[in-house]
Amino acid sequence: MNELRMAVVGVGRMGLTHAENLHSRIRGAQLLAVSTSSAVRADEARRRCGAVSVYDSLDGLLEAETLDAVVIASSTSAHVANVEDCAAAGLHILCEKPLGLSLEDCDRAAEGARAAGVTLMVGHTRRFDSGYIEAKRVIDSGGIGTPVLYRSLSGDMNPPSVAFADLGVSGGLILDSMYHDIYLGRWLLGDEVVRVYGEGGALIDESIATVGDVDNAVVSVRFAGGAMGSLTASRTTRYGHDLRGEVIGDEGAVQIGRLRRTPLRVLDRNGAHHDAVHTTPERMGDAFVTMLQTFVDCVIDGTEPPVTSADARATLAVALAGRRSIQTGLPVEVETTMTSGSPTGDPYKS
Amino acid sequence: MNELRMAVVGVGRMGLTHAENLHSRIRGAQLLAVSTSSAVRADEARRRCGAVSVYDSLDGLLEAETLDAVVIASSTSAHVANVEDCAAAGLHILCEKPLGLSLEDCDRAAEGARAAGVTLMVGHTRRFDSGYIEAKRVIDSGGIGTPVLYRSLSGDMNPPSVAFADLGVSGGLILDSMYHDIYLGRWLLGDEVVRVYGEGGALIDESIATVGDVDNAVVSVRFAGGAMGSLTASRTTRYGHDLRGEVIGDEGAVQIGRLRRTPLRVLDRNGAHHDAVHTTPERMGDAFVTMLQTFVDCVIDGTEPPVTSADARATLAVALAGRRSIQTGLPVEVETTMTSGSPTGDPYKS
Amino acid sequence: MNELRMAVVGVGRMGLTHAENLHSRIRGAQLLAVSTSSAVRADEARRRCGAVSVYDSLDGLLEAETLDAVVIASSTSAHVANVEDCAAAGLHILCEKPLGLSLEDCDRAAEGARAAGVTLMVGHTRRFDSGYIEAKRVIDSGGIGTPVLYRSLSGDMNPPSVAFADLGVSGGLILDSMYHDIYLGRWLLGDEVVRVYGEGGALIDESIATVGDVDNAVVSVRFAGGAMGSLTASRTTRYGHDLRGEVIGDEGAVQIGRLRRTPLRVLDRNGAHHDAVHTTPERMGDAFVTMLQTFVDCVIDGTEPPVTSADARATLAVALAGRRSIQTGLPVEVETTMTSGSPTGDPYKS
Amino acid sequence: MNELRMAVVGVGRMGLTHAENLHSRIRGAQLLAVSTSSAVRADEARRRCGAVSVYDSLDGLLEAETLDAVVIASSTSAHVANVEDCAAAGLHILCEKPLGLSLEDCDRAAEGARAAGVTLMVGHTRRFDSGYIEAKRVIDSGGIGTPVLYRSLSGDMNPPSVAFADLGVSGGLILDSMYHDIYLGRWLLGDEVVRVYGEGGALIDESIATVGDVDNAVVSVRFAGGAMGSLTASRTTRYGHDLRGEVIGDEGAVQIGRLRRTPLRVLDRNGAHHDAVHTTPERMGDAFVTMLQTFVDCVIDGTEPPVTSADARATLAVALAGRRSIQTGLPVEVETTMTSGSPTGDPYKS
């Protein structure tokens, strides 16, 4: 296989980023088509991605195009069906996170890919940021000794629409945003979360409570090996899109984060000032490229992708447990050994 | 009253700092005497505090000297008895934190001071750091909107001796160290903690587990007004004495911290490097002076001190609840309305 | 004109960057061809720029291709002849800096473009960095009052080859590297340099002295309006590719710079550490794209480019004066009013 | 000699700082008296320095008190006469910088101390800042290789009174402020300045020009060993009291500076903000204590002080040369071997 013929399913904010990157910055792949039900987005995709074909449904796209692989960036609630359809069509798949809204959905998606013999990688983007990559290298090389504490923050400047926040659409704050903090912690520590406890509330945006979601949350996690963590997610960090991670070991620590957007500092009678990152592409732009390139390389080389559906399932299990703990006010145990085909007696399924 | 005649009870690390500051940096007070049962510390006090009288017991000191006020910096387990004795002698009191190891002890100490009509202030030192003072001013002026998240970290470079860690001596990690994170959060947010959940373990220093203590802990807190917090305490931040606080509101945030010791940055083929604060005086030296000066000014002016025994009691209640949650694995509710004169039963149910 | 048909002349380090950006990241342009005399570079260009045609000479390229515009990234000593040839062929030109090694060369290049009626923009890349753009905006909006001091540093990690350092090839440290500090200062302050004084030496790399160059230099500049500046260039900042600029006004200041490469901080018993930028693309990658896009947009829209040959000439005049001052040990006056069409005698008297 | 009996001559801003430090923070010395012709300052000294005796003249003080040592903090123009009088009285002397306004004055002061056999140390305060001390240690240990560049900035927030700026009183910007940058450079590099070139102007405060002074200046320096430097002094850094130093070697670099006052960062919709140091005590408070303690220790131990009159003379020689260069517009050579008793053919004496 020389150059992957690819399409992007769904060209909202994330999908369009993937489409543009495929169009111009990825070696070994060419973007042939996108699908979207929105005429506005169709135009935007045509404007920014060269001579791309645009379809108003995934069915239409699959019928008309000869493809090798797809990026699925549709609404989370549509992920599983899209994965099953694309897998059935024999296409390798990079699917945005979370893979599904329930563990059963994750299992269906994973089973679909396995049955079809296609690669299924999940979009754990932040793992491909140079800061996290280097932090992982330092930790694995013993640079901080044994990890004992993990602290993480994901801050968005403004709450999303109520329609998006809906637990049945995006999964809400924990499944959509804190999800990143969970997979990063699991990956950086090389360990699984066994217990969570969460506090959360719709403190600022009361409308979000009408669909069961919260706008700020703190979740404690306990890892199997004993390490502890504290994850914070906020949809009201008005000062910027603040993504931070930190692992403290018994010999040192790593801190990942970059709030500053431009390399400028202004000084005046009030002191020193600098600007802040406002959007995900400003902070994670390169990680999108690295992730997409990694997927393309894995498919071409026939190697296992660095993020599997099992990773996605384990992360979702913790996120679901955290959401339930917030809802119940009680700590929730997370199963660590997950037989993805037959989850039995899940204490945390919603 | 022109100049307070003062003594320091106990001249361990903290007590000696107070004695030196009283000797040389505080206006309106003079250090007349200290008490210590250690001959080594007696010599050290004489060497560093001029013509100070040294007694081997508080009784001896109280009998021989004519005083207006004392600083109590003895072992935490001795605080209450010391406070009662000094109050009975009619002396105004600045007592190191925590005031006692139980709420009953706090109440006894507070009652002793009230009965004697003397001022009792508790050593919540970090509140007097310029960073926290300025953060409080910004928050109170509306600079960050409504506080919704509080994040805090207290990191010591090395575990203390097992004898000190003993829950019956210092109270352990939560009562001795995370105590600071609790009173800072209550003060900065102007709100009381109503629920806590803690994870903790003796991950690095197993010997500390023999006296029931932990070396790393994460405690979630929920405030009465809805805000959430995450407090982290570590005795193994080998890279430095890392004290950090952060309050995020719906219009902005404040971050307090200073890890860097000297104003030097070194650059070499490995990048850029700077040193770290290793000890409390390196980080909080000025706060000790400000706190002591505040106490002296309050006594001279006859005004209420900014930290009362009620503050100390409310902080201890949260700390005890956090410690219990770690021990039981369950969330613990904290009573918010505390009538310090008549505590009935447990202020927090588990 | 819908989409510019473009070529890149010379695909060394800079030329290849331009070619790749044209190939993949610039709207409104397509890369058709490159020229290089190096077989190795020809292969590299084919590998990284898709189906690009490669010629072993500019003549061959101009003969075979139908083009609208070119990027000239050949050796500085070849710039003028290349500009003249491309202008004669009716092509719009973006030429790498410096435009030439003498003011006479600059004038020839400018005259060639003017005679042919084509756009000639010069590659003052750093002006297109977000930090400098934002600094300029702050200064122009009055945010720092009247600029009085300009401080700048350009540090490369290692000296170039002796062949490159040759004053007759690259122009040496002042024309090749400090050139950036000069045009940035002129632009940020909106003022011309009228006097320079330089100190320089081959302190570390003695071989570079054999071709008349220096590896470290400090040049003082005086602006017509009275402001003062100090420019530093070094080829031995082993710790990183350190590009910094600063303008201090009578109401505030701006500081531009970013030494950190990844958003990671590592903490250990020696303190806190972060990495450093090592290469120009790591620091200025986005500026290359912005500059190229600006050129393409100007040509398509028929507007004046933001960097003209007059800018390039005025910058070169200061650089030449600085080099001469280092050579003579005396201050050198720089002519401020330059009629680029009729330069009479030396623009700066010593 | 057990405890030095000391006095402070002149209790302006600096003198009062020294008096307070002697009163309360210096081991091995006691403050007995101060002299000042100002009734207001006399009251201030009494208020802040305990039971100190206050005299309205140095003569009166020397007549009435039995002393071992003095700190001279009078106006610079009075330094030499004060040093001669105190030396004649057999007192060890710590004199504020600069020691005099001319090299002849320096020589008179040095000769007076030598003849009387008393210690004469000069107040090069910044050398005692922890940042500079650590930088010196790193440089001397080979941590940055061979120093090649020295960059320094001294910024005051506001111009002084015209009366103070007078070249015949304080010596003006170069002798009063850039003086620090000169001795720091000489000390950090362990090398002498052999040539200077300066640009300066009264750009903001025109009144200062009436007494021959400037408010902003840039001075290039060349060291005997080849290294180059650029020193900047400003009296209009409105954003803060900005003191920075940097030495770049062929293996690394050190950067010294701290603009931030409190350990607080505020984040809002405009980005991230922190305050700035406004005064010398905020930045250099500890250095005053360290310097004074060093002087007291040297006198008690009978050891050579780390800053001698020869250091002061060599620094002044560079400062005078820099001032002359600004006045003449020409580079000025500085004699490196200075026989302080007989400077002959000084190219830079004023």
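First chain written, first letter: the chains are A, B, C and D, and each begins at residue 1.
The criterion applied here is as follows: a contact is a pair of C-beta atoms (placed from the backbone, for glycine too) under 8 Å apart; a residue touches a chain by one contact, two chains touch by 3 or more.
Predicted model only: the values in this text are computed from it and were never measured.
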Chain of greatest Cα-centre distance to chain C: B
Between B-C and C-D, the pair with more C-beta contacts: C-D
Distance from chain D to chain C - Cα centre to Cα centre, in angstrom: 41
Inter-centroid spacing, chain C versus chain B (mean Cα positions, whole Å): 57
Multi-partner residues of chain A (each touching 2 or more other chains): 238-239, 251-253, 267-269, 275
Contacting residues of chain C [partner chain B, same complex]: 238-240, 259-260, 267-276
In the complex with chain A, residue positions of chain B that touch it: 145-146, 148-149, 151, 153, 155, 195, 197-201, 203-204, 216-222, 226-230, 232, 234, 236-239, 248, 250-253, 329-331
Residues of chain D touching chain B in the complex: 24-25, 129-131, 133-135, 138, 143-144, 251-258, 261-269, 275
